[in-house]
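Letters A, B, C and D name the chains as they come in the text, with residue numbers starting at 1 for each one.
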Amino acid sequence: MGVGRSERKAKRPESEGDRFPFGVLDQVWDGSRAAGWGWEGARGADLVLHSHARLLLFGVLLKTAMSPLTNPPPPATTTPAPTRPKLHDKQSEPDHRELRIDKVGVRGLRFPIQIRDKAHSTQNTIATIGMYVDLPKEFKGTHMSRFLEVLNAHGSVVHVENIPDILYAMQHKLRAKTAHLEMEFPFFLEKTAPVSKMVSVMDYTARFDATACGPEIDFVLTVITPVTTLCPCSKAISRYGAHNQRGNVRVQIRSRKSVWIEDLIALVESSASSELFSLLKRQDEKAVTERAYENPVFVEDLVRNVALRLNAHPEVTWYKVEAENFESIHNHNAYASIEKG
Amino acid sequence: MGVGRSERKAKRPESEGDRFPFGVLDQVWDGSRAAGWGWEGARGADLVLHSHARLLLFGVLLKTAMSPLTNPPPPATTTPAPTRPKLHDKQSEPDHRELRIDKVGVRGLRFPIQIRDKAHSTQNTIATIGMYVDLPKEFKGTHMSRFLEVLNAHGSVVHVENIPDILYAMQHKLRAKTAHLEMEFPFFLEKTAPVSKMVSVMDYTARFDATACGPEIDFVLTVITPVTTLCPCSKAISRYGAHNQRGNVRVQIRSRKSVWIEDLIALVESSASSELFSLLKRQDEKAVTERAYENPVFVEDLVRNVALRLNAHPEVTWYKVEAENFESIHNHNAYASIEKG
Amino acid sequence: MGVGRSERKAKRPESEGDRFPFGVLDQVWDGSRAAGWGWEGARGADLVLHSHARLLLFGVLLKTAMSPLTNPPPPATTTPAPTRPKLHDKQSEPDHRELRIDKVGVRGLRFPIQIRDKAHSTQNTIATIGMYVDLPKEFKGTHMSRFLEVLNAHGSVVHVENIPDILYAMQHKLRAKTAHLEMEFPFFLEKTAPVSKMVSVMDYTARFDATACGPEIDFVLTVITPVTTLCPCSKAISRYGAHNQRGNVRVQIRSRKSVWIEDLIALVESSASSELFSLLKRQDEKAVTERAYENPVFVEDLVRNVALRLNAHPEVTWYKVEAENFESIHNHNAYASIEKG
Amino acid sequence: MGVGRSERKAKRPESEGDRFPFGVLDQVWDGSRAAGWGWEGARGADLVLHSHARLLLFGVLLKTAMSPLTNPPPPATTTPAPTRPKLHDKQSEPDHRELRIDKVGVRGLRFPIQIRDKAHSTQNTIATIGMYVDLPKEFKGTHMSRFLEVLNAHGSVVHVENIPDILYAMQHKLRAKTAHLEMEFPFFLEKTAPVSKMVSVMDYTARFDATACGPEIDFVLTVITPVTTLCPCSKAISRYGAHNQRGNVRVQIRSRKSVWIEDLIALVESSASSELFSLLKRQDEKAVTERAYENPVFVEDLVRNVALRLNAHPEVTWYKVEAENFESIHNHNAYASIEKG
């Protein structure tokens, strides 16, 4: 109960041998850039992929078959890049406050990314990014510029298949045990209107929260899906009409195998009174109006419908569902949430 | 046509003698504080109030009868407060770029304010404030701290009846011809539900933009009112139901005499499919659902209804009406605007 | 008692008879309103205070000693208010999905509140409020209007001493085991500039997250304090100057006894390179500039300094400290966080 | 420079024959889609280019030389697409309020776009879009879905060279005299750190506001550039150090010929105490710290420096410059603005 308990519970402690829950290879790296920036070569290490069945692909197709790799990235033992003698390295001074820092890094950075979607093509979008590591109590500070080096090592676009590599690079370059990467971005789908069949693009929001603790990677996929909700009470008690509104459903999941963003979206859209479309001709507007009226859902129904479907999903191991409706009859919102116990 | 032309056109040129469109006296000042901060005494000047019939009261009752005052605030001829010799006054250095600055000052400052509402009582709220003056080409910079001195001269709460005084104090203290004050704040009304008659508080947003150019004051009142809009097309073509949603209507006005915020709100609420309420019991929900269904309005109807009412308002001399609906069937909004030509 | 009454009077609950854990009695209630809304009288019940040692006062002085009360609020066994037969109570229908809902309620509601500050006076501000309860799997929905009834039961201003009463009222009216209340609001302090001694008001942000599970109340106080941070590395390596910027420190705490918002603010401000002020004359600007230069802190130092002080605080039992600096040399922010293990 | 390699390529149907004022041919159209949506063929019309000298290219290379075209788009005389008889066209009903609407349309729509940057390659980004037309007093409403048809006519990515075509298509499809298009999006540049020469990507914000009134197009380019500002007063009066902070400079321009976004950015960055970089090694941090200290600017200096440079720019015909600094010693911002008289 209560604010402040951490959300990131399950860290996959059962790592043995060379297992990586992720197992995404780094073939998408821009080797020339990496070389140019003095990368120490950790990327030459092979990555084991025994457990690739458990990889989380965030709706991204693996470009190549996963092949077993032999060694995890080495613990950070190499010396830092040499600095000019008179440019004192304040961050490396010892600290005596005996306080470890959970997360330190950079936040609020926008960067172009590419993700692969279910239709096996890529989608270009812009992510807002945060990158953090833990800092042992012995050190005064971390080296913030190294986060930017890692991010830019892949050129001017980051491919999401690189997320594990980015995490391992952060661990290595920043000599950290734990590395975190968060990326929030718009995601687009082409949708077909129900009657006219006209096609239009609609925007959603997706987010990746990935943490590497040693070789173990924990990944949470979040998708925010806007829907229509029509009130069952209003419908039941009124001679005609029923108040309805747009609502946002925010679903966070952990899963054994990859779950497509598109699939989470579809799961949510089928739980509401109606899904949304950008382009609706009159015959479509009639259809969605009637569909919503035929499928009234309280915000409670909405989160329960989604939770039921997630409970039934073979790969989902944890979820949190939140729905917030912009009530058309009030100047406040209705909210409900369920977290898998 | 086009972006970027200034909105602040009409500056009330018809001032002669000692006329102040505002005429609010400064008896609400906290004299002790003013004295404590070395106020030069400009406030001791009398203000003329011949044209107080034209005062804009922003829905605020004058606490005292307006009395004629004899002199406008003197042009800023007094010397600035002495500074310690070695604390160089960079801002007062000459500038040679021959460029006057339209507005310079402080922005994004939160401060408690009190306003008087139609029920003749006061309302405490929190404003986000901006204060600016113009800067002649001769001067390198303005003295930002003086804005804060003016704001805090009234103690820890600003009474909106003080707005003209604040503007004149800015002109004086900052030796400026033109002074601007912007304040945006939540505004609350007690509303009575239509059937149960239960009372609850609902929030709106109001904003004051006041400019003093010499003795002339231009004042724009803005009120943002949330409403329900139900789509006439959806209703006409569907067997049952009709999509509806919350929308925000933003009205800006200039007027000869004061217009109550409450009156602008009522004007807007009567232009929509239905007004909103915080607390609705089932019988109220039925009433508003049916009312909305009986009164469908496109976003175009909404702005036209408001514009018609504003055209008919005896005191309103200029307005701009904008409505934005959070469409329940799309992930984008519908928007319309009319500005009085 | 209506909107806008009461300037800064004094909520004083002259408590006798029934004593409540917070020391706040419900005499601030508008009895007539309560009666009018069919309040069942739960307020007459005694409240158990076995755990009152853990009550958190959010910077509010207890007017009365906390005394044990004998009975927790009764489980909600009374029948709901009668509804007109044809206004079907959809929310009370049974639900068969076997899914309990963690939180359901209203969110994003603005409301005037009053809080007592350390100087033993009251402060009027505006809170953005969320109110939620849990919903057992048997029920289809909650009765959203009852949240608004509870909130408005106290008139048009909510006194924070009423928070436990609000939680218990929610449990009772909504027949829930667990009730949550969140309130986020600007908080103001008068500050004295270091050399000129001029006084000005500055804004901070505070937040209450209170949860009642049965009679037990968990309370988290959050305070967001803006500060100046000057970079030690930049200072060490540059011939002159050092980059500095504004940063926000967000501290969340649980404590055995009340902790003043002002005290948390002071604790944070003493941990930074310098505190901020609204009004600074030149001699003050010189002082804070030099002070910051003499006290460089990395974002890591900032969170460690705060954490050390919180570790030493006799009443604080849990905390989370986060700092985010708006780096003056980058278009992204530096971030660090420590949570008490 | 290869930001944003696009996968969504096919948009260049290289149609010759009709040439358009922007030099953008309609080869980017997805002809099959256009046909599928019943496009009436207005694109076959020639467009008058008497005023193409005033076309603004928003930093986009003209693919073809601008050539005069003989005819403006025909007034919208064609009949609207047939609708099923029972799907009443409410929007086309007559209106009797005698009120023309200045702008009506859709807002807040996110959509992928491609723009061409100075290095003659394309950049993929995401725009937030608004599309509006005027509505004569005779008509009750506009046909909102047609905006979406126009936007999606180009496939799932909009190329900014298409902006004039989009405007003309809006005029035609919505039978309007005036059409407006606004697009705001992140824009990325690769920057080279001053000493280490390391390359990293940094984000800016750009915005297009384009209006077509008949054949005439008005275009305003806005660029928001973050910079470092160091206070001259603080530097002058302090023994050591000087407060500095990040600031945002927002420049809006009209110009005779195209102005590259990159050029506006460079103009602003050279006006500040220092430009920003994502990736700075210690030697770079030293350089920018010292550079800022050597180049203190008040917010007034910043806007004057930018205005001077814009006054000297051969193509700029109008501008508005605004700067807002997130003061490191205050919890509010400093602001200044100049508009070309």
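For this structure, a couple of remarks:
The rule is short, and it goes like this: a contact is a pair of C-beta atoms (placed from the backbone, for glycine too) under 8 Å apart; a residue touches a chain by one contact, two chains touch by 3 or more.
No experiment lies behind these values; they were computed from the predicted model shown.
With centres computed as the average of Cα coordinates, no chain lies farther from chain D than C. Checking C-D, A-C or A-D against B-C, more than half of the residue-numbered contact pairs recur only at A-D.
Where chain A touches chain B, the two copies mostly use the same residue numbers: shared numbers make up over half of all numbers in play.
Work out the mean CA point of chain B and of chain D, and you get 30 Å between them. Look at where the CA atoms of chain A average out and do the same for chain B: the two points lie 42 Å apart. Centres computed as Cα averages put chain A at a distance of 30 Å from chain D.
Counting partner chains per residue, chain B has residues 87, 89, 109, 203, 233, 237, 278, 280, 282, 286, 330-332 touching two or more of them.
Contacts between chains leave no pair untouched here, as each chain touches all the others.
Only residues 37, 83-84, 87, 89, 109-112, 114, 121-126, 145, 148-149, 151-152, 155-157, 186, 188, 190, 198-201, 203, 278-283, 286 of chain A touch chain D when the two sit together in their complex. Residue ranges of chain D in contact with chain C, taken from their complex: 202-203, 226, 228, 230, 233-235, 237-246, 274, 276-278, 280, 282, 285-286, 288-290, 292-293, 326-332.
Residues 86-91, 95, 97, 99-109, 130, 132, 135, 140-142, 144, 178, 209, 211, 213, 218, 220, 232-233, 236-237, 252, 254, 298-301, 303-305, 307-308, 318, 320, 324, 330-339 of chain C are the ones that touch chain A when the two sit in their complex.
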